[in-house]
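Sending over a structure as structure tokens; questions will come in a sec.
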Amino acid sequence: MRQEVIISGFGGQGVIKAGVLLATAAMTEDKRCTHFPSYGAEMRGGTANCSVIVSTDEIASPIINEPDTVIAMNEPSLDKFEPRLKKGGVLIYNSSLISKKPSRNDIDIVAVPANEIAEQLGTTKCANMVVLGAYISKTHAVSLESIKSSIPKVFKGKDKFLATNKSALDKGAQFK
Amino acid sequence: MRQEVIISGFGGQGVIKAGVLLATAAMTEDKRCTHFPSYGAEMRGGTANCSVIVSTDEIASPIINEPDTVIAMNEPSLDKFEPRLKKGGVLIYNSSLISKKPSRNDIDIVAVPANEIAEQLGTTKCANMVVLGAYISKTHAVSLESIKSSIPKVFKGKDKFLATNKSALDKGAQFK
Amino acid sequence: MNIEKYKKGEKILIKGNEAMAEGAVRAGCRFFGGYPITPQNEVPEYLSWRLFEAGGTFIQAESEVAAINMLYGAAACGTRSMTSSSGCGISLKQEGISYIASAELPIFYANVIRGGPGLGNIAPCQGDYFQATRGGGHGDYRVIVLAPGSVNEMGNFPKLAYDLADKYRNPAMILADGLLGQMMEPMAFDFDWVNIDKLPPKDYTMTGCKGRERRIINTLLMDINVLERHNWHLFEKYEQIKANEVRFEERYTDDADIIIVAFGTSARIAVDAITKAREQGIKVGLLRPITLWPFPEKIVAELAERVGKILVVEMNIGQLVEDVKMFANGKSEIYFYGRPGGVVPTGEEVLDAIKRALKSRNVKLGEINHLNKL
Amino acid sequence: MNIEKYKKGEKILIKGNEAMAEGAVRAGCRFFGGYPITPQNEVPEYLSWRLFEAGGTFIQAESEVAAINMLYGAAACGTRSMTSSSGCGISLKQEGISYIASAELPIFYANVIRGGPGLGNIAPCQGDYFQATRGGGHGDYRVIVLAPGSVNEMGNFPKLAYDLADKYRNPAMILADGLLGQMMEPMAFDFDWVNIDKLPPKDYTMTGCKGRERRIINTLLMDINVLERHNWHLFEKYEQIKANEVRFEERYTDDADIIIVAFGTSARIAVDAITKAREQGIKVGLLRPITLWPFPEKIVAELAERVGKILVVEMNIGQLVEDVKMFANGKSEIYFYGRPGGVVPTGEEVLDAIKRALKSRNVKLGEINHLNKL
Amino acid sequence: MKVFKKPLSMTPIPMRYCPGCGHGIIHRLIAEVIDEFDIRERTVGISPVGCSVFIDEYFDCDMIQTAHGRAPAVATGMKRSIPNLVVFSYQGDGDLAAIGTAETVHAATRSENFTTIFVNNAIYGMTGGQQAPTTMPTQKTTTTPFGREVKIHGYPIKVCEMLAPLDGPIYLERVTVHKASGVLKAKRAIKKGFQSQLDGLGFSLIEILSPCPTGWGLTCKKACEYVDEVMIPYYPLGVYKDLTQK
Amino acid sequence: MKVFKKPLSMTPIPMRYCPGCGHGIIHRLIAEVIDEFDIRERTVGISPVGCSVFIDEYFDCDMIQTAHGRAPAVATGMKRSIPNLVVFSYQGDGDLAAIGTAETVHAATRSENFTTIFVNNAIYGMTGGQQAPTTMPTQKTTTTPFGREVKIHGYPIKVCEMLAPLDGPIYLERVTVHKASGVLKAKRAIKKGFQSQLDGLGFSLIEILSPCPTGWGLTCKKACEYVDEVMIPYYPLGVYKDLTQK
Amino acid sequence: MKAEVHIIESLCKECGYCIEACPKKILEPADYYNQNGFHPVRITKPEECTGCSLCYQVCPEIAIEVRKL
Amino acid sequence: MKAEVHIIESLCKECGYCIEACPKKILEPADYYNQNGFHPVRITKPEECTGCSLCYQVCPEIAIEVRKL
């Protein structure tokens, strides 16, 4: 089993943390995993992304060239990573911020209005958890339980968001 | 023809310049020559010496290990270089400042009261020329004329010492 | 001690830079002087609070030059100390490193390489191999260079570095790159928390001369004979290190038709390529130097003779390949595949390079064949 | 021009350092930024008045770091500029040199090597060979390294350095040592006074954008593909330099039973030893690399194959010998005789080393045999 | 009819700073001054290493990017080579007051004839918010996570105050761009700095307090308040040296 | 019965300075202070690169020699490692005020708790008399053969004046050793610098004007007159900062 | 109308400096996003603009042009 | 005699500082050389010495010892 995902968005949208959470969950499942962040030359407001690989075998490079899955939280991310997606791969995009439609038809596309759902839960900050939920239910890279149980390790000292984050994951998981 | 000489004394006694003069004279005679200065770790008042090689053949290293001639302007120089002198070599020493006698008997020893002679000429500064004169007449490494005609090149803009220096050379040349 | 953060063997997910920083503290580091530079900023950032917890000193120095000289002082006082930087910053430290090597003070430092030369960029690169292994500073000296290939090694090599540094009274460094520094993967510390009070005493440290002869640390040796002796003394030490401390990893070298030599990140990519190659029935082996200096010269010589084809993969325009050439001794074909400037090659690319190397004909033994150009 | 001091071909007795300084001015140097350090102080001292005469700028910088960066600015403005230093000071310049190499600015600098590492001493030494030839700074770059062997070459190589630097837009340096810097011997300039107004125009200089597109000098290339391209561009340039600019001197290699490879001062001593050897009927040849980078690799390979015995003599613990080993390709016996720390070997010593090398039996081809230890 | 728009000495390239970053304002002021003196064609700008490393994209004149902290040395090499160039160096607080301290002090004391724009944002912006030499007491940064403790991390450096006693500097002023009135004064100071260079007088430096909302972890609005309430009391605005009238 | 003789904290090794060099006097004063505080056994001296590079031969305590200009950084590493050590750095003007400018300013601003003895002899003695940052206007040196021309070579740096505006330094005083009365005051200043360190107060620096007859090309007597007539007017003696009473 | 204010929406990063600086308080964030995910500033009552240019002076992005009429 | 002044002749470098400093003017260079080629200072009228120690204070070589009696 091997899953390569790129999570991408504006800096501040929590894409790096979402990736860390995913990798942590993979570790708790005794899978191999790598997480590799990448920042643009821009400062805040620029784009950021991370590459996460979850696998049962040794992982050589943490860099992903042809992702199995792309999670695009904003339009520049969609533009950048949709073309690199593997044929038959999964594209999850934040339809709250991305108005245009993905153009490829050889991939599996999931539109998630992540910001709207997150706002309903009280804070757009958990939009990243919404798409992560969608990702889990779509790929089963790890179990949703592992993700949830890993939250305290990753978001240290932010207990008050625990419940919100869990709900966000659940809401997201309803998208398939 | 090849002559290797170490000229040594306190900093300020003009040993380096004497060596430069010798090398310049050699150059004007179209001989090959090298000059290599060496200063102690001490500041002024420390010892200084230079190695001059005059030769009709190519000179590899300007460093002299077994000099043909040693000119010692002070006692530490005598102590340091007498032992290194080649068997049968020439030792010229400044008997004005060196009270002890050289100890080797396999060498040719010339005692020159250089400071006293120089003082007679009006300045101890030309003591170096006195010993250089002795050196020339002893070894004929270059001619005394070449030395004299090279003085203006080496002691630029110090015309007033020209005559004194020439006399000093002549006085020195009387020692054999 | 409750300042211990992780248990030995406990699996954690952590960034390479942070693993290295934690590993250093765990190994007894109590002084860090450094200056920010990407892609190693997590090191000072982590240590700025972690050393505080551990009762050590963290100083953000005014420059890399100051930082390395702070280490000179701290190490002279017997403290396990560390600095880290990248590219430009390491260049600025070369004078200080030369002093420290001459004074025989044990320090640990890391270069998390970025793209160069000049300001370059902040992407992963291996362009500082020469600088690390040939002593970018002046004079005859060498530093021990460890090249981790995983976050696990990033975390565990600081201990090795300190132990070697102390054993030989010599600087020891980690040469990593932006990828190893920035990536996270599970790792576990393989050594117990080091109790700094139980480290062997040092007889050369500046602690005040109470109850003993005064000590001098000095690299000025005006007498040429004294400096020559010192140089030969260092030489002997380096020979000892060469004899005792070479470390490398071999994989599938037994039946290989071609050997990839690569370190750090390149070696990870090579593993990927080798796996793919073996699936296709192509027999490729790997030699991963772990100590870049001392260089695994014997095994290179042996593999060159036995296998006859070597492919060196580096993230630069060709540096390690010169060492390979030097020790291959004209006994094997040598191929080079490089990606400089921050580009990390893919397994596919390297697989392709392997295939092209295997197909090559009429290649002169011992000459470097640039596959990038072929 | 009456600022010309010596006529072409005129024989003068001059110190190596001063010859180099005068040669630089004669070759068009109009900016010097440097910081005092023995044994190269005659260079700034001479230039402090000589550049004034020549209408150029002399600045005693606050440090070597500042000095090299002043050159970055001066060279960016199109001025033939120079810095010089020794050991420690050159280490401090490594970051700047890496920048200049990346920005492809032509500068000329000199390292008059002293004993190292650390503060070392001020005696003649060749311990900075690695630093010079492997780029002590970060990233993949190379500088052109000229190794004069006489005061004559000290005086004439600056012109060569400037011409190469301009031709390839690359730093070029002279690697000398305290002996070549301090000694005097007759020399003559072999080139005419360079009229700086007639030098070929440069299309990259910072002169204000009047009447043209604005220009940018920049070494930050954030895009990895751009930086990779830049690295390969530099690589191609280095390959060209390797193809065109290798310089060396051969003596008596035709009938030799053993070849000495040595540069600079060591080569002078080798000549002495060879003369003595030939008097005794021992056939020794000399290969003196004049460009240390680009390295005379072909001739080394050829001599290794043809003669089969090479003795490398260096004033260090063994650096050039690695290049010789690398290119000898396992085809010859390799012996090393070194004197580090400021000691200049004598002809007799080297002769003795020759004899011991000739007598050696059962030596493995390509391995370095340290005659100092035998 | 007066039009306020992007000065001619800037390229059309949008700037990539964070929202509320002071760099953009300062760039514009410099460009306006260059326009007003009509010296674009003989100006060379020097970019530092710091968030403003990309200014060669923004200024439409010859531009040279330099090693971290070494802009004053580079400027020296340039002005000594071509005295008629107008050279400005643009440097952050890390660049100028940490790694570049020696180069700054010595270019000042040599009274090199170029203009230094010194952007004091009390942080290392580009590398992710580490302590700068000018970071405020108690200010949290990524390397002073518990706040700058002066007894441990040292006191903030007051650059204008430190340079003023030297004989070399001709003109030293501290200004701010965190509010409109400050911006207008900053412009005048920058103009004066360039004027001093054009008049061949020697070294001038304009220190500009500049908000870095990202590095400070504050909203843009709070960042401006921080300048007002915390920075200015420690770094008083004003002229620290002015020999331009002499 | 009072005896004036070589202090216990010095070795019997004769010093190798030029006739009339101020270094020897300064060494003795430091050693006397160490003797008087009885701290030889916990003192570490730091030698610079300069004529005084050999002081590890002269002081009878732990001694460490450092890279040119970096003594303040080394001292920082030492005092932070073993705060109970008494550390003094001994530096020349080239060492401290040229190549080491950044290290000096930053150790001062961090108020590192060691004592700096700064020997200002307006020249690079060791390397043969080149211009120092503190070389006097019109002074001839081997790199200013026509005399220091301030417009070309820059103005002399006034170190105490420059450091005084910083918040870090605790005690800054300029003294001289070119005459007996100066020597006695210099001793008091050095003692105060050590006291400040022993009290844990922070950074102290004593700048000492010191004759260098060799570098200046003057007789010993003329050299002392030079200090009086040329140096002191430019470098006024006195206390530039004193927070020891605070 | 004393002045024309033109806002280059794509450049605005929603720092709010202009809003704060405008003495007439006639600037506010739009309710839509620009391509960079910011709410660009818009002018609510152009006719009240005095052309004081303070918005221009404080805008870090030079996203505002003011043309005095 | 208020003090004993002892001059370590081998250390003296003839700088003359002590001669200059002595309020009693009882120090002068000897007419012979020491091993380093300097004329060491000697005390002419030991009985006039006040033990003020100024000669000690200014001597760069610590070549003078003063013992107050």
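Chains here go by letter, A, B, C, D, E, F, G and H, matching the order in which they are written, and residues are numbered from 1 within each.
As a convention for this text, a contact is a pair of C-beta atoms (placed from the backbone, for glycine too) under 8 Å apart; a residue touches a chain by one contact, two chains touch by 3 or more.
These numbers come from a predicted model, not from an experiment.
Between chain B and chain E, the least number of touch steps comes to 2.
Across the structure, the highest number of inter-chain C-beta contacts is found for C-D. One inter-chain figure worth recording: chain A and chain H are separated by 86 Å, centre to centre, where each centre is the mean of the chain's CA atoms.
Centres computed as Cα averages put chain G at a distance of 84 Å from chain H. Distance between chain A and chain D, defined via averaged C-alpha coordinates, is recorded as 55 Å. The distance from the centre of chain E to the centre of chain H, with each centre set as the mean of the Cα atoms, comes to 58 Å. Under the contact definition stated at the top, the residues of chain G that touch 2 or more other chains are 13, 38. For chain F, residues touching at least two other chains, in rising order: 17-19, 21, 49, 53-54, 65, 67, 98-99, 101-102, 105-106, 110, 126, 133, 153, 213. Counting partner chains per residue, chain B has residues 41, 45 touching two or more of them. Residue ranges on chain D touching chain E, taken from their complex, read 30-31, 33, 57, 59, 61-63, 65-67, 69-79, 81, 95-96, 99, 206-211, 214-220.
Here chain D touches chain B in the complex through residues 11, 13, 179, 182-186, 265, 268-272, 275, 344, 346-347, going by the rule given at the top. Chain contact summary for the complex, chain B toward chain D: residues 20, 23-24, 27, 32-37, 58-63, 65. Taken together, the chain E residues at the contact with chain C in this complex read 49, 53, 65, 67-69, 94, 98-99, 101, 124, 126-128, 130-131, 133, 142-146, 153.
Chain H makes touch with chain F in their complex at residues 10-11, 13-17, 20-21, 38, 53-54, 56-62, 64-69.
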